[in-house]
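Below is the structure I would like to discuss, written out as structure tokens.
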């Protein structure tokens, strides 16, 4: 009976809008899933901000000194973040110096030269490198890289904890990142461009370096920036290999290359400080506890800046080919 | 791929329909030849009018075919043998429309000759020509439909007696010149003879086209070897 | 996009070349008409042979045009006005080849009439017909080339005196029937008159096609109103 | 709306005689079959600019109507208006009315999902689902509340595949993936899929542009078969294809404004044979004879 | 190798009369212009199976030769043999000889880089480099050791763009990216780029398949212009296109073996007008009239 | 050599044939060099991996210098056996227990017995009365209920307590194989400078030791590297992964479906997308701080379990850490799921919608099945990454030394990477060895997961 009615109704207007409650419920659930990510960001900003604010509100701390101070001695209640930033930046630069040439050349080889068989050997190897936990790299830095550097350059030149070892190992750690992202960018360059160049009588080198790499440049730049961001945020290698002492310095007094920028001395990085502080017996609402949040916030904005930059490159790259 | 499917079923369907339409005109033309010859040799005015009436239909079909030809050409843009067939169909359409016109001319002669005396010898000769010409049309159509080059090659030989009879008409006409009325009738009949001879020629033309369709190359029967026995048949 | 570029330059170049080739035949046909009439009215046998020789060339061109037409059709598959033009060109090619044949018929008559006496009045009449027919060809070609419908519409009127003169030939022929030789000559000249009248008709046909090309629709001059003044002109 | 109107391609902006010609044409013609769909003064905007302006067309039942024109003329956009696929492009807005059996499908009360059920679509590239051949055809019926037994569904699938001239080729491998077929077969599978839920109208958006000439001819033949049961509207940039298959052809052209925006508009809507042999409009003539640019 | 041989499409496997017909054709024709390239019994293998078998063709100087046939018939593969682009596919092997000006380009001493300089190529989809229009055209000349001044290069770029009928449209924006152009313009840019290093032969692999009909006609006109200076070999799956532009046409067909492998072979190589109006081979006739499958 | 050529209009501007040929040689040489360079770089990357694995394996196996409390030979001889024909493993159960009885203090003995009895029918260290008493308590020790120890367990106890080996020095795998004498010399030298305290060189025996062995995997942590194992850490990691997956996968895939399939471009949806991209780049340690501040501190009543009346004192529990890793993994899961969904061609969606399906019908029946392998691959890789994370766990308070297996979401915990970190930071050489051994365990685990993902992806991409 009612069936018939429904049929008559639908016959009179078969296009009539229908209610679909299940569809709406699912839609609502999926939206909430999406919205959770906002909650995470808000949580990060709120908590880091709140604790950092407590830190800066402490009478022993001044914001200006925090960002310009070149000495970090929490025990003496001197909070200048620059020594920690110095450690982070030194390590990141060394890492990039190692990772960019290796990663980029490897990417070019894989994308332009390698036969399918060579690729099927090297690509999983690089993926395994990505998958290795950073703590294992830290172990590697401490038990292999540092002794190696010390035996090459002499243990008097190279400290047991040193920036170079950490930097090199972080570099190795981000090689696969650089190479796989760069290779993605290179592979995304349409094959038709290569064909066109070969068709004009170009050699393989000319095709690779003068057509493919320029075409993928913004993608490669994005890869490098992402790798840098990763290096900046890298924690375990840094904690284990570069030492637990901030490289406090005084501009003008300390030798620039002999000490401040010396890669063979120890220098605590921002992440290293956070971990070391947190893994000790940490009581809440102390200035130490709050200080790690101030540093964390700084770190957050540094990586955010780098990631935004990289996304801008990616966007430019996509516009060219999509 | 040992055997061949016709993917273009619809086009070939339409092409066949057009062909049938054109060949249908030929059938009608053949009947018109018979009727026209009968009307002019017997002086049957009603039959003559009937023939003249039939031509309107042929003309209408002629325009229809032309229109459909253009549409088919625009829509399917045929190639190869299909294109050759299309070209032949267009030419045949013109030719057979003209055959119809020739029959009308013959029928009209019946009208003008009404009341004039007749020479039975000449009538016999015209009838003989008609009987010779009609199988030519049939043979040519056959050769075309069956794509039979050998059959098409029979046509020039079949045309020879027609041409001979036509040439003979001068003599017959001059022979009756003493009687003004007979002379007037005979000159008109000369035109009839001429029209029938022309229809025969058109059948030969037709056969040529049929041969072209099969071989893809023009075979000009008139020029190659089998010279026409009598002059003056190239109208 | 206020003005239009012709992207299909090469096709339109080839189409134009084909058109020129067809129209070139018409020019030659016009000259042939003049020469054929002169030869038959003056009995100039050399001129007649020249005309007969010219026809070979026209036939050759006819086949060439047919070949090129097929090639052009296969290669460019024209649409719209281009397709209509192609259809018209094919019909014109047949028509003008036949015009050439008519001239050959006239010239051949010169040959057969050699040695026969002539009636100057009939010769004058034939010359007059020739003079009337040639401008018709010219006008029709003009109308086609300039796509001028109004000009094309002049043709049926121009054809009327030709038809009248042709109809008159019966009387002239019967008038000389007392002299067998003259009669023989006159019956032959009747065929000449008939050929010229036919050329005129073909020019009218031609004009029809020209009108079709411009309007995209067939205008059948014969059927619509302007009925032919004289019967027997529909060969 | 009188039946004559359905063949009228009137452009209010241009009244010098086009509408006149069109209506003359309509009266001279025998009465056309009733229109399955028609559009009245449809405009499509993408964001701020007008992609298609003022299109009024009628699509006769059991006929094939082709939309042709240079690229950017809005023919595909127009097609997608007819089953509200344009809804999927966020920036697109449609003005004017599109009637399906005298119901405006852009009425607020109309469910686009239901519209698409009645107005099926076949796309440029063959896009079978990554399911078995059987499932490809059956799915459309299933989601539309097919209530029959397994046997009924088998029959439906066979009928649809037969209708798409594919049954003979696939009947022994209904369980294989749709991707195992060749391009032309895939497209016929997509047609079978579109046909299975019994739509009334089939929209085809350049259905052969990804196929080779042989597969193309086969699809064209299929369309001519299908029009016995369906109203078909096809977009093609291949003039020859439009000429070969369609009964009516609508020619669109495109205007460029100063900023490089393209606006498409309807130039001529005529029986196909007429449009390709003696078009009414000079623009059409220029386009089909290649005198254009 | 007599000049006549260049027009012969002989298939040793099939001697019933094809070669006879071909040579008759050759003697009946006026002597063809000298061949710029020719292939002698070329086989192409992909891995274990034979993609193209036994193709002998001659490409006459300053003529356009079209290769047509159903998909999978190996026409593109054949084209890529002519400038050793097949070298880039690791599994592809070419047997037989390909002569460029009487030098076998598969001789061990010949560098493919050198071949490709002399035998330029235009591809299916327009593929300008992501550089400026100027750089797109200049690059090929640069890598080939162009040693003129900046002014000479400017002239070369202008000449190439003019040759490709693009100069007028781009002369005011040579610095803009090649991607800023429309599809048809991009393809003409690619032609300009191919022409700039002064090749002798231009290979075109379905150069219009990604373009709309207007852009297609323009490229076709351009090809007809270009043949004054270049020998052009074009692959197209559009028969009409082959018919429109080419002087000679080679029709390829394809055999399927039991395992579903396709082997392409040359069926007929004739003057274009002949091939499309009265082909010598029944297969050709069937293909062009749609009686095929 | 050259291809014959005809005159071209640009003749003078291009090099002649000979010049072109010589340029060609240079170009070819340059191309060759660059190819070599890039291959070298690639090889360096591979060598780095090889070195890393080498280092770990090198440290996990090798010769050790061991000083035993009692020499097994002496023990055997003491029991009247011939040490030449027997090993400790050949001793009978009773003999082993007797050995323990003589060596262990009664306090230690009682504790061991309370953990698990030695014999079904009699007690060794405990008196029957006391045993009855303690088993009658409300919370009896496990020894009251479970069956007796097996011979393997007792043998292990004998090894630990009676023989009590002390590894005083260890040697890497490679030199152990190539030059074992050098190790002996090194140890001897060590004795000369008094590095090994009270031991005498005579006491030292040189033994092969695989630090990575079944006992290592199944033992709990221990302050002595010879006895330490990673069972607790493995179980901790497993619990963490469970919570990570439970949180990150449904939410992540849901969010990805929302963003790819349902979200129309609006300010909110753009913001969500940007936000996720940003989150993916946030260093893991920041998530650790978020977990510390929110989960450990602010939500302590929930995460410590005290709200539910179970668990311990603070929020440094498995659930806190698991959810922290879940948050960390979430953006990666979302982005990789998005990639997988975006890789499904739009034509499938159009086909579905064109048939009159709703959005969700299309997504569920057509899009998700196609995207699923991609989503799974991405999820596995993300989870693998989470397993290796260390820094955030340190922040949320993973314990370095706990020996008790985790019992539920509110237990304190440790995890494999934490264990590695702890051992690596300790100075004794032997902790290096077990750190290396733990690294092997972690790498094997991750490699298994990764190869699973790779296989999945390959199968998927082959089909597409």
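We call the chains A, B, C, D, E and F, going by the order they appear; numbering starts again at 1 in every chain.
The rule is short, and it goes like this: a residue touches a chain if its C-beta (ideal position, glycine included) is under 8 Å from a C-beta of that chain, and two chains touch if they have at least 3 such contacts.
All figures in this text were calculated on a predicted structure; none of them were measured in a lab.
Separation of chain A from chain F in touch steps, taking the shortest path, is 1. Among the remaining chains, those touching chain B as well as chain D are C, E.
In this structure, the chain pairs D-F and A-D differ in their number of contacting C-beta pairs, and the larger number is found at D-F.
Taking the mean of the C-alpha atoms as each chain's centre, chain C and chain E sit 47 Å apart. Inter-chain centre distance (chain A to chain B, centres taken as mean C-alpha positions): 92 Å. Work out the mean CA point of chain C and of chain F, and you get 101 Å between them. One simple way to say how far apart two chains are is to compare their mean CA positions; for chain B and chain C this gives 20 Å. The multi-chain contact residues of chain B, meaning those touching 2 or more other chains, are 7-8, 11, 70, 74, 77, 79-80, 83-84. Shared interface positions of chain E, i.e. residues touching 2 or more other chains, are given as 113-115, 144, 197, 214, 217-218, 239-240, 243, 276-277, 290, 292-293. Looking at chain F, one finds that residues 27-28, 358 touch two or more other chains. Inter-chain contacts, as defined above, occur between A-D, A-E, A-F, B-C, B-D, B-E, C-D, C-E, D-E, D-F, E-F. Those residues of chain A whose C-beta lies close enough to touch chain F in the complex are 20, 22-23, 26-27, 29-38, 40-41, 43-44, 47-48, 50-51, 101-106, 108-110, 113, 122, 124-129, 131-140, 142-144, 172, 175-176, 179, 203-206, 208-209, 226, 229, 232-236, 239-240, 271, 274-275, 278-279, 284, 292-293, 296, 299-300, 303-304, 306-308, 310-311. In the complex of the two chains, the chain A residues touching chain E come out as 115-116, 190, 192-193, 195-203, 206, 210-211, 214-215, 320. Residues of chain D that touch chain C in their complex: 239-240, 243, 255-256, 276-279, 284-286, 288-293.
Interface residues of chain D, counted against chain E in their complex, comprise 70-71, 212-214, 217-218, 237-240, 290, 292-293. Interface of chain C with chain E (complex): residues 7-11, 70-71, 74-77.
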